[in-house]
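Residue numbering begins at 1 within each chain, and the chains themselves are lettered A, B, C, D, E and F in the order written.
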Amino acid sequence: MLEADNLACLKGDRLLFRGLALRLAAGELLRIAGPNGVGKTSLLRLVSGLALAEAGEVRWKGTAIGRDREAFHRDLLYVGHAPALNDMLTPLENLQFTIAAAGDEADAESCMQALVRIGLANQLDLPARVLSQGQRRRVGLARLFLSARRPLWVLDEPFTALDVGAVEDLAGTLSDHCTAGGMVMLTTHQDAPFAMPPKVLDVGAFAC
Amino acid sequence: MLEADNLACLKGDRLLFRGLALRLAAGELLRIAGPNGVGKTSLLRLVSGLALAEAGEVRWKGTAIGRDREAFHRDLLYVGHAPALNDMLTPLENLQFTIAAAGDEADAESCMQALVRIGLANQLDLPARVLSQGQRRRVGLARLFLSARRPLWVLDEPFTALDVGAVEDLAGTLSDHCTAGGMVMLTTHQDAPFAMPPKVLDVGAFAC
Amino acid sequence: MASGSIDQDNRMNPSPRGPSVLRFAAPQNFYPLAGRLAPWFAVTAAVLTLIGLWLAFFVAPVDATQGNVYRVIFIHVPAAWMSMFIYLVMAFWSAVGLVMNTRLSFVMSQALAPTGAMFCFVALWTGALWGRPTWGAYWVWDARLTSQLLLLFLYFGFIALTRAIEDPRRGDRAGAIIALVGAVNVPVIYFSVKWWNTLHQGASVSLTKAPSMASTMLMGMLVLAFASWAYTLAVTLWRVRPMILERERHTEWVGAVLDREGGRK
Amino acid sequence: MLSTFFAVLRRDLLLAWRGRADVMVTLAFFVIVVCLFPFGVGAEPNLLRAIAPGVLWVAALLACLLSLHRLFAQDYADGTLEQLLLSSEPAVLWVLAKILAFWLTTGLPVVVVAPGLGLLLDLEQGALPVLVLSLALGTPILALLGAVGAALTLGVRGGGMLLALLILPLFVPVLIFGAGAVEAEASGTGALAHLLLLGGGLAGALALAPIACAASLRISTE
Amino acid sequence: MLSTFFAVLRRDLLLAWRGRADVMVTLAFFVIVVCLFPFGVGAEPNLLRAIAPGVLWVAALLACLLSLHRLFAQDYADGTLEQLLLSSEPAVLWVLAKILAFWLTTGLPVVVVAPGLGLLLDLEQGALPVLVLSLALGTPILALLGAVGAALTLGVRGGGMLLALLILPLFVPVLIFGAGAVEAEASGTGALAHLLLLGGGLAGALALAPIACAASLRISTE
Amino acid sequence: MMQWESWSAFWDMGGAGFFVWGSYGVTFAVIALELVLVLQRRKETVKRLLRWRRAVGKDGSGRAGARMES
């Protein structure tokens, strides 16, 4: 469903990779691998339409993503390095806003449940500013529980800063999403206990 | 050498932990463990003198750290969550400044070597802004190679964002520092291949 | 050869194999063309400048009311014209770039900006020096003067913005937007300032037009105006060339050009 | 369709309320700048009355300018802007919501306190309604134009100041007609023409600025 | 002992040089604010001449104020400040270095271009040296006092504006004596007393502000 | 030719020498400066790009990876 051909990414002076092709079909989990600085984050941003490729194109359901941006973004969930948290709002307010901004609907009740589910039951009323690193990360990831309808999840290092229990839990959630016919594309340097071994794409193989 | 008794940490209206005691002698590596939000970062900041404890005191070589702050800070190396990188400066300039600001001396040559050693040979001239997440982390950690003279290293999640090779390398460096009589105190949620198994302090045991 | 280069068609718009009119819009065709044309414009500019200066100082008679000071007009007016004209051309190229997505257009508008700012400064400077003996002040808040000053700020803003953004692709399009917004504002500024000044009727000076311009005077001004046209073209083409090289450095043809340049030394 | 619009509007107003200090302080800035002038130029009433419309308008403009950098900066830094750009709804909508929230929290308070300050500077009482009206029409234009500048300078080094350089020339016509209206009223010429022009400018800016702003944001986050 | 001082000074100047735009743009801001006034108050030369010292000084003050937020903000956000506070050398030293670098990159350019703008506003030529001198003595005071404010408002929501609110009252005396000196010279009274007061203020600020600033930084990062 | 009795009259411009020559002088100085900057920029760009090509390898890829001295 998600395909890319012949992608090239140029950053400043450096051509990070070229000729990169990828295919992601329903039910698949793709892990983008490679050492630091090889261009994993850059690839995810190309795929999600936040950046423009130097060459090549990304297609969703056969259409170039630039052609029908809104349809693509209706199907996409992207969680990047930056947590998209406003420091002055509580986790609940942040989550509700993120969902609404993405164009989805979610009542306070289900948002609250998602937060409790991810382990923030005691932090519901704190401003995000005082949360610990791992708690911040969790607020960002709580979206996953409310976005099952979006088939394509693109996650940049989702396991960072999470403790062991949370890593396990998240890996389970991702596996479930795939089992239900979704697609997940993620980067990580940690090993995570996925239900099935993920497909791996090594960006290093296309590096120049 | 580093001791703390009966430490308590209050954040807002929550008492994170109390009655926490720790001892760290030359050659020891202490890992602060505990789930997200238990207060590991808060503890490190207390120990390094960046924050004040609600109760209890931290002593370095028998003296309370607040009593002779400068002597303590001469022996301490603290690398926190924030990378202390200026986005407009190159890794080399950043490193040189950090070293000088800490009150040490280091010529450009040895700084360069430290950066090459940590795997940034190709990024020496880029502004830090364009570095990848892992590369930014590495710039912050390059200091370790130039701070062997400081006995006490306090590191908050040093392995975050590093790729597998770099994690191994860093674990080796930390083990070496301890072997040479230094002390390391760190937090991490990842397993790291230390030469000897670290002492573990579970903050959760003192949580209220 | 050059297996590392990126496909040309993807980088260049319109395609080099497109209709013949657009052929020169492809950077690798434009680069040598610019190199060939620039010296001719430069020579034209130099010759016209000499003729113009000769007309200005040796043919044009002394002005009855102003004496010799008026000779400033020969650079003042062409510079003022050029500064406004260049901004419009910049906005034009920016619009073309945004609509057709041609990188060369953005490069053109950025290459024009410093020259435009230069002429703008020259118009202000010469005007100020002219104003002292004629109005008794280096500066008055006259409508025309004021809008010229604001135009200089618009140029500075454009240049500062495109310089401050390192990623050229981002800088190109950000600059294009501000150039267009500025172009919409130039007439607004002009008329608002004009109205503002007539309303305040404070400074009762206005540009004292030379009563009836002697034909030699007009001649000199026109010749120097053409000289500044030719100069602008030459300098812009020269400035565009390294900018093209920089942006297209991943392509084969720039590699070939650089090898040639390197060999020459 | 409008859910993003209202979500953004609600959030930005909530944020302003949370950081109440912010709103108060924009206002305080406006008040203080105006009050600085008697210190700078001396306390002579005639002189103050003559420069009152200009000073009030310049102060309003500077207050707006000073707050502009925070229109998108926070959202840019924490990744919210990325998420908004990935929204499946048109960007123009939420851009407009952000600008509206910005004006409600910075422009509106200025409009409200301006008459008081006018009195302080001994402005003629008859000119006060025109002062309010001109600010009510003019400050939204400032917010709209300023938003384009703020979007373009996001993440650029020297951003705040660059923003000032970029948009001050654009603000000048607004300033001229705004201050001009008050002065015309004070001197008995009638301010209708000025106000009509401001209204026209507002309509134009309302139509074009959000589009330019949305495009700029896309460029800036790339 | 002085190694931290010079390391900080060198780095901050290097940063200013890297972001050259910054320095130019502070200047551009100063120039533009001064130029806004004629648009606001009208182009009458006599009126402009009367308000020139005040306008120039208010503009210099605002230019300084606008740049102040970036004195520590960046270092605070990226953790550099933490590291500086963990330095084994006294904080007053590097605080002074930061303030000095700040003045060199924002105050000094303003001092240099002020006479040109004075001419633009038709200020008497005899008063220009006094204008320069008063700015040269006054802007360092602004930088020193401002640094304390900037340190106190670090990481506080609505910081930028709060900063303005906190320090504008402190800036008022500087403004009064600075603008007063120019006005006194222009009106023939002689500016010596004003300038002496400014000099005294500078000495006082130089002695006290760095200590207060260092203490505030420690509080803000806790 | 016909209007200037002498060179000194020419330079004096009927008392307006400062203003006229100030205008022309600064104008041509600025133009000269612009030309110098443009030509210098070209040379510098070519040099930098050559160095860059050498650093990244002839094929324009980043593989060779030697650092660019700037």
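Annotations for the structure displayed:
Note that in this section a residue touches a chain if its C-beta (ideal position, glycine included) is under 8 Å from a C-beta of that chain, and two chains touch if they have at least 3 such contacts.
Bear in mind the structure is a predicted one, so any value in this text is a computation, not a measurement.
Chains that touch both subunit C and subunit E are the following: D. Over half of the residue numbers at the interface between copies subunit D and subunit E are found on both sides, making the touching surfaces mostly the same. Of all chains, the one whose CA centroid is most distant from that of subunit E is A.
Chain centres here are means of the Cα atoms, and by that rule the chain farthest away from subunit D is B. When the C-beta contacts at C-F and at B-E are tallied, the pair with the greater total is C-F. The geometric centre of subunit C is 32 Å away from that of subunit D, both derived from CA atoms. Spacing of subunit A relative to subunit C, judged by their CA centroids, is 47 angstrom.
Note: centroid distance subunit D to subunit E, computed from Cα atoms, is 25 Å. Subunit B and subunit C have Cα centroids lying 55 Å from one another. Along subunit C, residues 4, 153, 156, 160, 164, 167, 169, 193, 196, 250 each make contact with two or more other chains. Shared interface positions of subunit F, defined as residues touching 2 or more other chains, are 52, 60-61, 63, 68.
Among the residues of subunit E, those in touch with two or more other chains are 18-19, 21, 25, 28, 32, 39, 42, 47, 157. Those residues of subunit F that touch subunit C in the complex are listed here as 1-4, 10, 13-16, 18-20, 22-24, 26-27, 30-31, 34-35, 38-39, 41-42, 45-46, 49-50, 52-53, 57-61, 63.
On the subunit D side of its complex with subunit C, the touching residues are 145, 148-149, 152-153, 156-158, 162, 165-166, 168-170, 172-173, 176-177, 180, 183-184, 189, 197, 201, 208, 212, 215-216, 219-220, 222. Across the complex, subunit D meets subunit E through its residues 18-19, 21-22, 25-26, 28-29, 32-33, 36-37, 39-42, 47, 50-51, 53-55, 57-58, 61-62, 66-67, 69-70, 157-158, 160-162, 164-165, 168-169, 172, 175-176, 179, 183. Here subunit A touches subunit D in the complex through residues 48-52, 70-71, 73-74, 76, 78, 80-89, 93, 97-98, 100-103, 105, going by the rule given at the top. By the touch rule above, subunit C contacts subunit F in their complex via residues 1-5, 57-58, 61-62, 67-69, 71-72, 75-76, 79, 114-115, 118, 121-122, 125-126, 129-130, 132-133, 231, 235, 238-239, 241-242, 245-246, 249-251, 254-255, 258, 261-262.
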